[in-house]
Amino acid sequence: MDYITLIQLLDSTVRFATPLLLACLAGLFSERAGIFDIGLEGKMLAAAFFTAAVAFLTGSAWVGLLGGIAASLVLAAIHGVASITFRGNQLISGVAINLLAAGMTVLVAQDWFRQGGRTPGLTGDARFEGITLPGAAAVADVPVIGPLYAELISGHSILVYIAFLAVPLTWWVLFRTRFGLRLRAVGENPAAVDTAGVSVVGLRYAAVLIAGVLCGLAGAYLSTALQAGFVKDMSAGRGFIALAALIFAKWRPWYALWATLLFGLFGALETRPDVIEAVIGLKVPGPLLGGLPYVMTVIILAGFVGKAIPPRAGGAPYVKER
Amino acid sequence: MNADATTGQPETAAPAIELKGISKSFGPVQANKDISIRVMPGTIHGIIGENGAGKSTLMSILYGFYKADRGEIFVSGRKANITDSQAAIASGIGMVFQHFKLVENFTVLENIILGAEDGRMLTPSLAKARRTLVDLAADYGLNVDPDAKIEDIGVGMQQRVEILKALYRQADILILDEPTGVLTPAEADQLFRILARLREEGKTIILITHKLREIMEITDTVSVMRRGEMTATVRTADTSPAELAELMVGRKVLLRVDKTPAQPGEVVLDVQGLRVIDSSGVERLRGIDLKVRAGEIVGIAGVAGNGQSELLEVLGGMKAGQGTALLNGQPLDVTGKKSDGKTRRKSGVAHVPEDRQREGLIMDFQAWENTAFGYHDDPAYNTGFLMNNAAIREDTARKMERFDVRPPNPRLAAKNFSGGNQQKVVLAREIERNPDLLLIGQPTRGVDIGAIEFIHEQIVALRDQGKAILLVSVELEEILALSDRIAVMFDGRIMGERLPADTNEKELGLLMAGITDTAHEHSVEEIEANLAHVHATDKGA
Amino acid sequence: EPALIFDLGGKFDKSFNEAAFTGAQRWAEETGESFREIELQSEAQREQALRRFAEAGNNPIVMTGFAFGDVLSQVAPDYPETDFAIIDMVVDQPNVRSVVFNEHEGSYLVGMMAAMASESGTVGFIGGMDIPLIRKFACGYAQGVKAANPDATVLANMTGTTPAAWNDPVKGSELTKAQISQGADVVYAAAGGTGVGVLQTAADEDILSIGVDSNQNHLHPGQVLTSMLKRVDNAVYQAFQDGPGMEKGFNVMGVGNGGIGYAMDENNADLVTEEMKTAVDEAAAKIADGSLQVHDYMSDDSCPALDF
Amino acid sequence: MDVMPKWAEVVLVPLISLFLAAVISALVILAIGEDPVAATKLMVEGAVGSVRGWGYTLYYATNFIFTGLAVAVAFHARLFNIGGEGQAMLGGLGVALALLFIPWPHWTLGLVAASLGAAIFGAAWAFIPAYLQAKRGSHIVITTIMFNFIASALLIYLLNEFLKPVGQADPSSARFAPHLDLPTLNSVLGSMGFRASKDDSVNVTFLIALASAFAVWVLMWRTRLGYEIRAFGHSESAAKYAGINPVRITVITMLISGGLAGLMGVNTVMGEAEKLLLNSTEGAGFIGIAVALMGRSHPLGVVIAAILFGFLYQGGAELALWTTIPRELIVVIQALVILFTGALDNMVRMPLERLFLARRLRRAPGPDRKPAE
């Protein structure tokens, strides 16, 4: 495998990883606050649709993004009401949200656009185009660094940079701010937060809504940056992979980055059977190639990642009075 | 000793706390009924009552954790609208809960500032808290390592963190809910010194405890609760332990264990060179040699976390260790390879674990299911492939009757029994098996006086039937009252054995701190330094 | 009233279900009559839908997709009065019209065009879910490429192994980019909704793409080289038009009878050179008269021009 | 110490929740310009208004009973088995292998073999995640998700390369011998002289599903193993005290769970399609999660919840047949049912509890109420 191929592979890795990363960080906020979120998939899907729909109607990707985030927030709020206010089962709520998004997006799309559950194609400002970073063209011909900068680092959509910046930002918020301290505490021992005079409910809603915003970005990236419009079910299980990455990352922001990049790399490798063949010297039959990333994940989990301990109060509603 | 402190206070001063007509129900359970109480500033006010009497509930209401259904709260004469803990804190109230409210994987410092940070950024808040902590520690003798994680420090230390949390929030009124339940005598004494110091500073303290000795020792006034009601409030100086016990339980209570001298027989348990290394590589037991004979109670004293738990767990088949052990002359596997809790029980070892809620019981199971717990293979409980639930229920009803479990309903879930009655369910299960050897850890932790009396009687009765009993307790009083022989553990070793008649709390206390040279006087600092070493490796009780 | 049953992909699959829908609508518009339709949601509904429509007196009943074959061969004898038409599968029953398409022939033709339009000598194929039908497309395409340029390289990828592979345009895009980075400058998508991503990315990256089933040239004018036409719409239209009592038996739709072809319109007029057109038309003629045999993957589950 | 009478908990709460879900669904139907009353009538008639409707309702319910039980059994050991989908796929493979290569003389023998094949393959697919969880601490949620994907890849590989007859377009196996067709409700009614349709809908597998539900009940509440599973699920530390081996319980529970999920293959593969299809599970593994949660992990609850979902599936199919309502509407209705009955049930329960408590207090006033010990 030559250098250029490597760069291309990594470039593809970044694109695959971006929605996973955003969703993974969304899950991180929610679960660090003690609310399990298997509804990442649904929120992402809803955001993908509404971003594309609003972007089409207004002609602006940014306005679309707001629409997508709003849609994701509505689902997040439902999850909050069910699992925080009414202390419902967080897993059921997540399952319901995934189904709701899968059905609603197509239903609304059909009602609005009559194109069989998709949005019309987006062009121009209704899409997030790649950004060429300053100097990319100038250094492109410099050996080694040039392609790295011009091909791999430059040229992605703004949402990619937001996603990657969200990692240190998440770390900073969680570990360097008052809000982060309280948020982590509420996922470990809500009673400690409550008796310290801080609202458990308020914190958990905040976390769930932040998750909504991040899923909104993830969905928007799918339909307006990677694609030029919404297609039904286009989240294609990425929410679940993000969840796996979250556990893999042991609920930590930097690990989340590496975990999603790893899954992204698996995705990228799957599109390059030639590279796999060159590296392992064996042709893998197509269908099995599709299963390879998952097998690798299991092997890594079994071999290298120890027990992942979730936030202690995770999944359980905070009940003071039995 | 400070009973006359109240006399210094003019009765006309506004009470620090006044509760009027507080009532609270949890669904169908009425935990507090029309409770009124006054606590004068600068005093220590004790509250006693049986398990489930409603003490914690009342204090949680005062702290804004629960909302009362009815009633009013006055702080320093002014009506306070305490809707949540934030409001309570603002009114100068601090509370140390019976079950600590700490974030286990946070540091001490983080726990202290949680909810009381200065500004949005953590770093300046932490820096400020660190400075304040140094001052507080110096003022009250509350030394803690601000950077230790809660899960890595002992319960005594955790409690200090809770107190510091309240002081950091500038509480004038401090509520402590059963603070000594988890402490050694030395630690408890130290706590009381701190409380006395706080009182001198003019702070008001409300202390919930089951221990009459503590009430007599430190409080100025005391209130007694029974079944959700406040039955009496008296000045400590005007009452006696016996009177308080009677007020609490509603009948006369024997405050000492009545027992005849032991008649030790054959050696039942013979342990040689027992070692345990935990998962993080720390040696928890460093070669224990111990014999327990038929018809004797051997008490293991020690500060929590010095290997007593591990000793019980290895002998009970829950943990793997190295070394040899003989039960009635037959080898007992301690390596965990060939045996577990089940095989232990079959060979005649019964085990009342230290933590009944996490180990001894399944809280969501009904009483009868818990009676079968560990013995579910018993042929009497099974008919062929299926479990004979009716038989188990009958057996449970019998046992509940014998052990006076209240209410005697085999179909009630374990979580719906009070602590004392939960313990009786476990005891009934283990004792009624007629074991050769009974391992029993913290038999009366958090249990009220009435139940303690009963439990102690049962343990002695078992001994008198010629059974061997290995008792682990952090209550020195209990060890002294029950044991026929006392071994003191420190840092995974047995520091010495004593006969109860030949020793006293002071000598045992020194042994518990690892000081074998008990003839000399030792300073508090020396003892603390020794204990600190243990706490550093103790992962909590 | 005739009825139309769409396979699991749904009627808006940007592929043959959608083509079927187009045909049915054309019929409805022209005749002013209406038809029943159902989009299946589960395998068990196949049989149910067939029987329900038949019992309700709908006639003829048209269904799209090979997956109906088995069920129809069991159900059809129970309703001798009802006429059925199945697309993409052969069912040997007296009241069934079977319409199959020689997709490999059309794919062969667009493969030739791809090879001739390619400057790099590398062209790509992106399939949806890895099933024999899609391999048939890929195999025909590869043969066409090799026929026009024996030295050309054909890259072939399938999107996935679950039905999600039909609706994953994001992955379609990545596959396209991967093929581009391996030198491909023309890609052919036979992947349902995933193809949307393929065509989009090809347009974004300024290479040529080839659409499938219906005419997709208009999606990105000037950037879609052509589309492999599979006139499912005509087949459905014809069945509805013929109505009850239509002619039964096998209808093989191929290049010869206009059931299969490639799309030419104003959107791709500038992309297709005279030379290409001549070569392709020549091949089409040979296929039509039988002098050129394009190997059908499904006949023996193997492909001379491509490994899977 | 329950506040509400049992009937209110078991009947009233779910009914009110369902009603709320129905109201919101009706609003959605109105919003897309359709008639909710007509739609409801169509669904009810289509799902439970005829033998055929019942046939399909129960056919789908059969699938959901199996996957719901699978999830429920694992829940009792506090294991979250998201892998029902993959295990059911492998179960289907087991059925196909058992029926394709051995010439069973009669369907009864075939059924036994198919059931064994399904259960064994399903269990085997759950074994690795279980073992990794127990021994290596690999989170079972991720490993089972991964195994769903791997199952799908494996299945298509096997179908494409080995099981598909040459020249067949459909990536499915050959058809099983006709005499291995399972008796269906319709064929039984037909042979009894009733006029019945010929649908391959509910078949004897439904009885296996009911028997499995009963067996799970016996296992969980009447056997030592079930006792140990539940004890382990409630408290791992207590289980250790009692001498219950966590590795053994984790593995055995997941084997049972996987086996149950696998059994679903008998219904879809042997009962309905009569051959192995690529996509015969169709998400039933995931619906099983909702079914188990709604059924409170109790076999009876699972059966009832499964029938409810069967009703939604079949009613939805009918709706799609006779109206132009997009099929996604059914997905939305399912989502609302899960949301209201599963996640928002406290919204209904809390006010009801207050109501019942007030009534009780009014009926039994005075001091004879004792606080619980």
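Letters A, B, C and D name the chains as they come in the text, with residue numbers starting at 1 for each one.
Criterion: a residue touches a chain if its C-beta (ideal position, glycine included) is under 8 Å from a C-beta of that chain, and two chains touch if they have at least 3 such contacts.
Which chain is which protein? Per UniProt: A, D = Sugar ABC transporter permease; B = Heme ABC transporter ATP-binding protein.
It should be emphasised that the depicted structure is a prediction, and the values quoted were computed from it without experimental measurement.
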Most contacts overall join chains A-D
Separation of the C-alpha centres, subunit B versus subunit D, in whole Å, is 46
Subunit A and subunit C have mean C-alpha positions lying a whole-number Å distance apart equal to 34
Cα centroid separation, subunit B vs subunit C, in Å, comes to 75
Taking each chain's mean CA coordinate, subunit A and subunit D are separated, in whole Å, by 29
Multi-chain contacts in subunit A, i.e. residues touching at least two other chains, fall at 117, 285, 287, 290-291
Where subunit C touches two or more other chains simultaneously, the residues are 10, 130, 161
Subunit D residues touching 2+ other chains are 149, 152-153, 156-157, 160, 326, 330
Contact graph of the chains (line, ring, star, complete, other): other
In contact, pair by pair, are chains A-B, A-C, A-D, B-D, C-D
Note: in the complex, subunit D contacts subunit A through residues 28, 31-33, 80, 128, 132, 136-139, 141-143, 145-147, 149-150, 152-154, 156-157, 160-161, 286, 289-290, 293-294, 326, 328-336, 338-339, 342-347, 350
Subunit A contacts subunit C in the complex at 4-5, 8, 11-12, 15-16, 19, 115-118, 121, 222, 226-229, 231-234, 236-237, 267-268, 271-274, 283, 285-287, 290-291
In the complex, the residues of subunit B that touch subunit D are 27-31, 51-52, 54, 227-228, 316-318, 340-345, 351, 353, 355, 358-365, 369, 372-374, 376-377, 382, 385-387, 389, 406-407, 416-418, 421
As the complex stands, subunit B meets subunit A at residues 26-27, 63-66, 84-89, 95, 97, 101-106, 110-111, 113-117, 119-123, 125, 165
Residue set of subunit C touching subunit A in the complex reads 10-14, 18, 130, 155, 157-158, 160-161, 164, 167-171, 173-175, 177-178, 181-182, 193, 196-197, 200, 219, 307-308
